[in-house]
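The structures considered in this document are given below.
Next, two complexes with subunit A in common: one pairs it with subunit B, the other with subunit C.
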Partner chain A sequence: MSVFFAALGGTILLASFAIGFGLLLTGIDRRVAARMQARVGPPLLQPFTDVRKLFAKQNIIPANAIPWLFNAMPIIALASSIAILLYLPFGSFAPVLGAFGDVILVLYLLIIPSLALVLGGFASGSPYATVGAQREMVSMIAYELPLAVTVISIAWRLHAAHVAEPFSMLTLMQTPVWDVVGPLGSTALLILLVVMAWVTPGELSKIPFDSPEAETELAGGILAEYSGRNLGLFALAQAVKTVAVAAFGIILLLPWNLSPFLGLTMVAAGIADLVFFALKVLFVVSISVTVVRMMMARFRITQVVGLYWLVLGGLGALAIFLLMADTSYVPGMI
Partner chain B sequence: MKLTKALNRSLWAFHFNSGSCNGCDIEIVATLTPRYDLERFGVKLVGSPRHADVLLVTGPVTSQMADRLRRVYAQMPGPKVAMVIGTCGLSGGIFSTSYNLAGPVDQIIPVDVYVPGCAPRPEAIIQGVVTVIAKLERLEVGERND
Partner chain C sequence: MTAKKVPYIVPVGPIHPALKEPVHIELTVSGEEVISADFTPGQTHRGIEWMGLSRNPVQIVHLTDRICGICGVTHSLAFARAVEQIADITVPERADYVRTIIAEFERIQSHLLWAGVAAHELGFDTLFYLAWRVREGAMDAIELISGNRVNYDIIQIGGVRRDITEDQFEPIRRCLANYKDLFGKLKMLFLEDAVINSRCKGAGRLSFEKAMAYSTVGPTARASGCTADLRADYPYAAYGDLNVKPVLPTVYSNDINGDTYDRIVVRIFEIAQSIEIIEECLANMPVGRILWEEKVAGILAACKKAKGEAVGLHEAPRGECLHYVAMDLAEIPIAWKVKASSYSNLHVWPLILKGAQLADIPIIVASIDPCLSCTDRVVVTDAAAGRTKIFTKEELTRLSYEKTRRLMQ
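Right, the complex of A and B next:
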């Protein structure tokens, strides 16, 4: 029973934190992007205004749509994005449901918001949304490979170093894989860092991987038929997912906490770690979403698959070989 | 479906060309460039009428486009605003005597704000957006007093 209440409280707390922080991140992203184009840009709280507006607008269900599926998917997208957060450690805070799932579960949970989008797109009964949904499925299949390679190789390296429970999210956060490896392994991890930096915008369907939502050719793609409250819910889900995806990458590859360096303890340590973690999320989003999105044009869907499977998949394979070679040189514990 | 302050600060525009010569369309694009930066006020160009709050119509309405214009306007979720950009949309302009004209935009859909000019300068379009916001604020006050 106490687990139930802890999960409930944790969910409410995490959901409100992630929605607020995620929308703020979107605002910062838009502001930084504007500054890169020598513009002033929108106010930092613009995404909050947008969502408030969307919730006050009319909610149209197209005549061609399947109403229950069309209306359920935005809610499922938001709920599953929040569910990911329950399994992620934030700073020195252990995950709310850490005992019930590990990194493999998070890998699967990350798919569900995109899957909800796909089903919502198919349920819209619009050719634009259908094409967008098909593209979203293809890009999901594409980025899963390098993402899985990254996760598995890091967990395998921790296992090879005899770290207990290498697949637990808490272990990944508390035992930075960088402390385990030798020089060859560090090279491999740098490669995996590059791979994760490319997977992040793909997960979030941002330019150059935004072909499912292509505004210029598909009129908003998957979201073409969504309006009002449903579109607002998808915007919230996207904000939460931004936090979750960036946090996932950080836990895998940039997991250090601030408190051991500053010698903080108790509450101060928790707050310092949380703030540091939030700054790392901001850093990751700025680099691999904002900068990339301003630098590049949209890939065609075939190019997306080619990039993820051949280039990043190849880099991932190289990283695995390097990590295997690394184990034979530095087999020991931390 | 009511007017809010958030709506005035987050107007998403959908651009509809009902038979324009492309001059006004170029000026709309110019309005969205970094020089004028309408995103400062939350204005954004969106790809689907379902996401839009403002319909920007350019050009006179040709007989082929009349039904499309009605349908696109009907697809927008309320509260919504229609804005005509350019003289052609106001009166038909140089095309006013054409055999193929269904009429100026306001004979097809209800129009809230007119921006005259051939083509209107970006400053005029921004003036139009400000007029839209002022009108929405006026209506909002009226709605509150009802």
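Right, the complex of A and C next:
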């Protein structure tokens, strides 16, 4: 019973934090992007206003749509995005449901918001949304490979170093993989960092990987038929997912906490670590989302697959070989 | 998906984020590949020719300014040239130079506007904002010369309505120097960017033979290797004094592919060419009058005595723009026909869209720089029945025969 209430409380707390922080991140992203393009840009809190407006607007369901599927998908997208957070450690806070799932589960959960988008797109009954949904599926299949390679190789390296429970999210956060590896492994991890930096915009459907939404080609593609409350829910899901994806990357490859360096304990440590974690999320989003989308044009969907499978998949394979070689020299420092 | 892909129809337009003006393009798509494409213009017909046929040429010049939102001088220059030929009006040399300068500034701003649109179609918004910011320089120069940014209203039958004064030379030269500095950067950003290269090379290819067969004009034709450029072929205004050579993609690379990338190359290098032309015009500006006749009444008197027909041509940023005017001893012309440059270029859409990737449609559609408000001349509607009609070639030929016979009687 107490587990249930802890999970419930944790969910509500995390959901409100992630929605607020995610929308703020979107606001910062838009403002920084505008400044990089020599524009003034919207106020930082513009995404909050946008969502509030969307919730007040008419919710149109197209005549061709399958209403129950069309309406259910935004809710599933938001719910599954929040569900990811329950398995992620934030700073020195352990995951709410850490005992019930590990990194593999998170890997699967990350797919669900995109899958909800795909189903919603197909259920819209619009050619733009159908093409967008097809592209979203293809890009999911594309970025899943380098993402899985990154996760598996890091967990495997921890396993090779005889770290207990290498697949647990908490272990990944508490035992930075960088502390385990030798110089070859560090090179491999740097490569994986590059891979993750490219997977992040793909996961979030941002330029250059925004072909599922592609404003100029598909007029919003997958979201073309969504409006009002449903679109607002998708906006919230996207905000939460931004936090989740960035946090996931941080836990895998940039896991350090601030408190051990500052010698803080208890509440102070928790707060310092959480703030530091949030700053890391902001950093990852600024680099992987804002800067990348400012300096690139949109890829064709075929180019997306080529990049993720051949280039980033190849880099991932190289990283695995380096980690294997690293293991034979430096089996583990712990 | 299913093993067998069923073709489906993706409509683009009449209103679509990729289109800056209304046109309807219908694409039959299988997976991501376009199997066939068709388009329906006539979504933005405004009846300007009809308005013109109850006005005198001096009034029409102001109407022509408003045919296009980008080519503020193209249509008025072509129209004025047609009327000047019929009424036997000689344009003073200095006016010819002013016309050339403003026409070339228009080319600079139009090509930069297009470059920005192209970047936006590719999803490269940073470049879009950069191109449009850079474009402001040309807009400012145009405002300095004509007093207006969009509808210049500088052309008058028999000359120009405003002179370029001595103290305006300095700011214009500064603007040109600024563009010269920026040119290298623009060239690098548009022509060397990896993603633009991979998206535009090979996309929307138009062979030399097809470009000729479809009578394409302007940068679209030149990108396919046709040397058509009215400024070189039939020099007018001050172009006869200048040595204008058509810009082909060979200025940048060795071969001509006629693809979207080549169209970018041609337009970017035409900006450099326009800068040179303006500099030369400024250096060799003759002194003298800017109007054949300063009083409007005098111009109209000449129009009243005019009888005959003429074609006024101008190499617009998008290619040849043609105005046909017929006058018969009256202030008001008896016929006025506008053929905007895009009219010749639109017809290659079905050809170059066929086999393209769905993702490349916006950039291919934009690559010919369509200007639809200029192009849409006629739409046949039956308001009572709520139908619009499209005439076939045979019907149009028959109607033309009938009209000719009616005129001969």
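Everything that follows uses one rule, which is that the second predicted complex is superposed on the first by the 333 of 334 C-alpha atoms of A that agree within 3 Å, B and C clash if a C-alpha of one lies under 4 Å from a C-alpha of the other, contacts with A are read in each partner's own complex, and residues count from 1 in each chain.
In this text, a residue touches a chain if its C-beta (ideal position, glycine included) is under 8 Å from a C-beta of that chain, and two chains touch if they have at least 3 such contacts.
The structure presented is a predicted model; accordingly, all values stated were derived computationally and were not measured.
Using the contact criterion defined above for the overlaid structures, shared-chain residue A:Arg298 touches subunit C, although it does not reach subunit B.
Once the two complexes are overlaid on the shared chain, A:Ala38 sits against subunit B and subunit C alike. By the touch criterion defined above, A:Ile60 lies against subunit B but remains apart from subunit C after alignment on the C-alpha atoms of chain A. Touch criterion met: A:Arg30 reaches subunit B, while subunit C stays clear of it. In the superposition on chain A, contact is made by A:Glu215 with both subunit B and subunit C.
Shared-chain residue A:Ile207: touches subunit C; no touch with subunit B.
Of the two partner chains placed by the overlay, neither subunit B nor subunit C lies in contact with A:Thr187.
Overlap of the subunit B and subunit C contact sets on subunit A: residues 37-39, 128, 214-216, 219-220. Interface residues of subunit B facing subunit A in the complex, by the touch rule stated above, are 1-2, 4, 6-7, 9-10, 34, 37, 39-42, 46-48, 50-51, 53, 75, 77-79.
Subunit A contributes residues 30, 34, 37-43, 46, 49-50, 52-53, 56-60, 128, 214-216, 218-220, 223-228, 231 to its touches with subunit B in the complex.
Interface of subunit A with subunit C (complex): residues 36-39, 127-128, 130-131, 134-135, 207-208, 210-211, 214-217, 219-220, 294-303. Within the complex, the subunit C residues that touch subunit A are 1, 8-11, 16-18, 29, 31-32, 119-127, 129-130, 133, 193, 195-196, 198-199, 357-362.
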